[in-house]
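As written, the chain order gives the labels A, B, C, D and E, with residue 1 at the start of each chain.
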Amino acid sequence: MSELALPTPPIEKHRPSLSRAPASNIDEDEKEQGLTAPPVLVHPKRELRADVRKLSFWYGDFQALHAVNLPVVNNGVTALIGASGCGKSTLLRCFNRMHDLYPGTRYDGDIMLLPEEKNIVSVKIDPIMVRLRIGMVFQKPNPFPKSIYENVASGLRVRGITQRAALDERVESSLRQAALWDEVKDRLHQSALGLSGGQQQRLCIARTLAPNPEIILFDEPTSALDPIATAKIEDLFHDLRSDYTIVIVTHNMQQAARISDYTAFMHLGRMVEFQATDDFFVNPSHLRTEQYITGRFG
Amino acid sequence: MTTQIQTELTPMQAAAPENEQERDRIIARKSRRSDWFFAAGGLIVLFLSMGLLLALLFDLGFSGASRIDFEFLTSFPSRRAEDAGILSAWVGTTLVMIVTAILSVPLGVMAGIYLEEYAPKNWVTTLIDINISNLAGVPSIIYGLLALGLFVYMFDMGSTVLVAGMVLALLILPVVIVSTREAVRSIPQITKEGAYGIGADKWQTVAHYILPAARPGILTGAIVGLSRAVGETAPVITIGALTYIAFLPNSPLQSEFPFLNFDWLNSAFTVMPIQMFNWLSRPQTDFHINAAATGLVLIIMTLLMNLIAIVIRYRLRRQNVA
Amino acid sequence: QNVPTVLIDGSSTVFPISEAVAEEFQKDQKGKTRVTVGVSGTGGGFKKFCRGELDITGASRPIKKSEMELCAQNNVEYIEMPIAIDALATIIHPDNKFAECLSVDELKTMWAPEAQGKITNWNQINPKFPDAPLVLFGAGTDSGTYDYYTFAIVGKEHSSRGDFTATEDDNVTVQGVSRDQNALGFLGLAYYDHNKDKIKRVAIRQADGSCVLPSVETAVDGTYQPLTRPIFYYVDKSKADQKHVADYIHFAFNPKNQQALVNEVGYVSLPENIAVAATKKFDMRTTGTHFGGGSKVGVKMEDLVK
Amino acid sequence: MDDAIARPPIHRFMPTPAYRARRLAMDRISRIAMFCAAALSVLITTGIVYVLVSESWGFFTTVPLLDFLTDTQWTPVFANPRFGIWPLLTATLWAAGIALLIAIPLGTVLAIYLSEFARPSVRETVKPCLEMLEAVPTIVYGYFALLVLTPFFQKFIPGLGGFNLLVPGIVLGIMILPYVVSVSEDAMRAVPGSLREGAYALGMSRLQTGLRVIVPGAFSGITAAYVLGMSRAVGETMVLAVAAGQGPNLTLDPREGAATITAYIVQMSLGDLPHGSLAYQSIFAVGLVLFLITLLFNVIGYYLRKRYREVY
Amino acid sequence: MSELALPTPPIEKHRPSLSRAPASNIDEDEKEQGLTAPPVLVHPKRELRADVRKLSFWYGDFQALHAVNLPVVNNGVTALIGASGCGKSTLLRCFNRMHDLYPGTRYDGDIMLLPEEKNIVSVKIDPIMVRLRIGMVFQKPNPFPKSIYENVASGLRVRGITQRAALDERVESSLRQAALWDEVKDRLHQSALGLSGGQQQRLCIARTLAPNPEIILFDEPTSALDPIATAKIEDLFHDLRSDYTIVIVTHNMQQAARISDYTAFMHLGRMVEFQATDDFFVNPSHLRTEQYITGRFG
């Protein structure tokens, strides 16, 4: 586990230049508090795998995302943090078009898959195509009511892989990647619902890893788990981060600090700040960010 | 700080191999197609079953609507189909429903609240629970046998409005109980804890916080139950309702003190489904038209009741969301 | 203020008459009197009647020994009155061309208790008949029609096969026969009369070989044998003194009403003198039965109203 | 900090002892009344069992149980009384079987369609409509089966009797369809949305999600829907009494008419049934059989339903 | 709003003496990690209103509280913090016997109401009597589906107070105490469900204040609210703390620091540390506490 120290900056360091800067497109409340300013986006120095460009999103009439930008580095971990309800999950779920399942949702802007420059939120793209390339792990472990084996194999079966040998091989290797193999190898054909919460979540990770997706999305994958299970899953990230492109939502800043390469901070549906994680926590450039990471709200 | 990174990007290990993309495309297309076929199939089944209701309504409408007029609603049955009406039938149905509602709703609500809020989790409760779910599935004609053996003969009450009301009340009791339980269960635990939190005891919580909040749900259940009772035929036949009744029971209201009159409870009666059954089993087409007209009245009545229930539930749901 | 109610139950054969009389009577009384008419069949009616539950019971056969005893047990005395003359009709589907005339023996083969479960095809009755399933409908076991039909055809009252659709409601028989090419059933003439377009009556081959159709005429002239019979009202003597019951009976046996109502529903109404005599018998409260507790073939109407 | 000392003491509102006592009494009375109401349901069942068993007792003292269970003819009130339940039972099972043949496939497809394919707005409209279908009085279905559908089917199916088991069976299937749909759709809805999203996230189509994840997840609930649907079909009365005929008939051909248990009870009830006669007792005997069959289905259904509720 | 600064202590300051101390009654996991030690209870110098003594609590077979001790100071705010699932809510709900509503729960030990030394978790005490003396405000605002007036009056009504004048007077004064009067005085007889989340929560506070309970329990009262509503409610505490005895559960350490006089830290159903708030955050005496307040877990 990385030992990223987290010296929190002193509180009440006023940044008048920022906080007073008049900004367009701001809520009334925010203006009164003088807290909003144009987003601060420090562009990553690393190769990108995807790039969110001016993405807006609506649940019916409610606009949950406002022209969000976000670079996603290749083979690295990008963390999204922000107060509850700020739109982290909403943004994450745009990546695999999960919102398409619900009527009345609407995207505007792009999420470019790079290098081919394909806009995956375009209506022209079949969401199933997108989901076959981008996997997702959810907040609550959600194993299917089937055997452990079938859970891991399900993503492969969807992709038309049915040869026993290929399945066996891939099931084992993904369970190993998810550090679950030793615990379940003797009960592969028992129901997955018999596993503990932490095991179930690792099973879901194995299930997502099995077809080798290009990007993996994690929505607060440890928030329903106890500290020990959390630690196990955080360890996993260190093994995965060099091979997979990962976007993770977390409400735990320390977790973001521990496992991510880049961190983005959202507030009320807007992207406020994006920086390399090391800089983000030491030197946030935005007053809101600072207030958030020092616990003044959220 | 790099700008325009994307364009400068060196070709990467990233993109999926061509063949994999091709495979994905095929899978996506197949998925789309099978989804489309299933959705189409589902829609067809949906329209088939909905269409059936419509066909039924239309058929009844075509055959019966022309027969329904003021005369039809205010005449007694007659040997001549064209003179026959359903006055005694709908009055009978109304009286029976009054008895049914008065008996089943309070009992059902009390039982439902007891089971949901009071009953300790033990084998007695489990037994009552299984028992009620079983009662909900007991064929209605068995209730008819219960009433025949118990009320008509053992208690010697005869086949009266009261007995019919009682048997139908027993029949819909499970419906009222189950919907009460659901209504009570759907009240957020946090509201109940709020009530206990201010120091209310169980009865205060139930009477002042649970019942008012559960009222729409209970009402819905009661109406649905009554709409079922309106259409029930078998148990009423079993207790021996008459087929030819050309008079009305005494009015429940009277001019002298005490203004209420309970003779009607002991009156012979007929109800709409029985009148319909009677006309249906006659061979003459004219009577079939009467049957269709009765069916139409019956179906409109039950659909209206259900509609009311649905509207209540809909408004309830909106209220909960707000 | 309880409205006086005439309680009638019993025969389904008599039901159309009672229904018609009741309807007109209640109109005539303008709501001062009520009438309820049940359809329990003759046997069912007698059971209730002899328990003292009814004012009047309709019967399509005379009271039986067992029923007489029951009435005696409960001290129910009855006034026996013929209300109309009926013929029993055997009916088939209009498209049935092979069974238009049947002999009593053929009918007996069909209906005898021994036939139960065995005689299930038309060609078992007569080899000339087609190979087609035999579907039977008939009056229920509580009915006088059933008793009289079995008495006349099988030879023993209340004795027949049991695997047919036996119903107290003759309408069901009409329904059933009219909907099935291979069906046969029996019921009172009135029900045939009302449904001529749906069903066909079967002629009975008489001893002389002639085929006689059931009809008002053949019933009146007595050529339709052995299935012509009187049908009855039995009135509880203890109730006869109640004004509304007496009013009802007077209304029913009024010769004008007899003519109009009985004929309308498809029976042979009583000749005027018989109707008057019947009313007189009622007014005298003459109790008892003319029959010794069983059906007879070919009784004289005059005897019945003495 | 402790400036409260300086202030007058706060008045704490507490109930008076008299009020407490009144509340306690009310609480106790209401509890007893409600318990009685709940216990009434047990009393009903006891009443049903008592009536059925005591009346059947008389029947079975006349009729050997063995005959009842093995004889193939049912003619209890005739010259040659035979007391085999089979004609009634087979007719009952035929009708229920045909009903299930209609209701299970259509119901399952419709339930999957509603829970996985239909937009919520469609679902919210369709479900009440289905409930309405459920609310149509059965006698109206009987009308439909007898006077509309049977003549219609007679044009296509040679040998279809005027009373038959086929058409009422089909109508029965349509009648229990809404019930099967609503119970199995409830079970499918009860499968957590997170499983659904998990399936979609793997790239599954709606159909795959439905068949591979939702149906297995809702399996016991769906089975419960079938079992409870069967129970309803077995106990349904008027459609069969009206359209399937009232003659006991042991047959393997659903084109023929045959009396079901329920139709037999109705038929006998239409006449006068003198208390204590064999005919009177016979309807309780067959009623007991009917009760036991539905009891079996209901209890199985109860446990299956409970299970899917417990899983999630 | 108080401006309690929160200088977080440096991380990785090892306290070998504590972490190595063998302690009885410890889970296996904990032992391995060497993190548990006997609880550190600094006894408050102020008068107590209640005292939790060796309170254990079971949900069926699951023991959620293990011999917890906690002093509750009179007319002051005691905050409970700890990771999710550590038993904060469980402990709080023991105070008004809320657990009695659910079958299979069991208390052992005492919560003494002082100065009369009455054990309110004793089976001999009627839980309704306890609730009449101890009020509670919940995590999610839970106004009754009645008018605003009736919501506030409800606590009085269950106590048998029905005189209009008395009710009017108390409704107004508690709405004022809850800083809600001005916002609702014109719509007292409209449904409470029409209020915003923050207003609803203040309404619930007014409802609880109305009968003047001896102790008020708050279970994360602001966690479902936005920052502005949160700030308003935190302000309330400053007005109430001198008149009411308050116990509050919060997952937000900064909130605990801002509003409480004493802070207790729980971990896995055990009381780990209790100190005056000023000392608690500056100088935690237990390694676990320190790790928690510096965000190493939770």
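In this section, a contact is a pair of C-beta atoms (placed from the backbone, for glycine too) under 8 Å apart; a residue touches a chain by one contact, two chains touch by 3 or more.
In this text, all values refer to a predicted model and were calculated from it rather than measured experimentally.
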| item | value |
| --- | --- |
| Set of chains adjacent to subunit C and to subunit D | B |
| Pair joined by more contacting C-beta pairs (B-D or B-E) | B-D |
| Most distant chain from subunit A, judged by the mean position of its C-alpha atoms | C |
| Maximum centroid distance from subunit E, chain identifier (CA atoms) | C |
| Whole-Å gap between the CA centroids of subunit A and subunit E | 33 |
| Interchain centroid distance [CA atoms averaged], subunit D/subunit E, Å | 50 |
| Computed distance of Cα centres, subunit C from subunit A, in Å | 87 |
| Per-residue overlap in subunit E, given as positions that touch at least 2 other chains | 132, 155, 158-159, 211 |
| Sequence positions of subunit B contacting 2 or more other chains | 24, 27, 31-32, 201, 204, 281 |
| Subunit D, residues touching no fewer than two other chains | 23, 146, 203-205, 208, 270 |
| Every chain pair meeting the contact rule | A-B, A-D, A-E, B-C, B-D, B-E, C-D, D-E |
| Of all residues in subunit A, those that touch subunit B in their complex | 42-45, 47-49, 51, 71, 74, 112, 114-117, 126, 128-129, 132-133, 158-160, 214 |
| Partner subunit D, residues of subunit E touching it in the complex | 46, 75-76, 132-133, 155-156, 158-161, 170, 210-214, 242-243, 261 |
| List of subunit B residues in touch with subunit D within their complex | 24, 27, 31-32, 34-35, 38-39, 41-43, 45-46, 48-50, 52-53, 56, 59-60, 106-108, 110-111, 113-115, 118-119, 127-128, 130-146, 148-150, 153, 170, 173-174, 177, 201-204, 206-207, 224, 227-228, 230-234, 237-238, 240, 273, 276-277, 280-281, 288, 291-292, 295, 298-299, 302-303, 305-307, 310 |
| Complex interface listing, subunit D residues touching subunit C | 72-82, 146, 150, 161-163, 245-249, 256-257, 259, 267, 270-274, 279 |
| Residue ranges of subunit C in contact with subunit D within the complex | 9, 38-41, 43-45, 47-48, 113, 116-117, 133, 135-137, 140-143, 156, 158-169, 172, 175-176, 178-180, 183 |
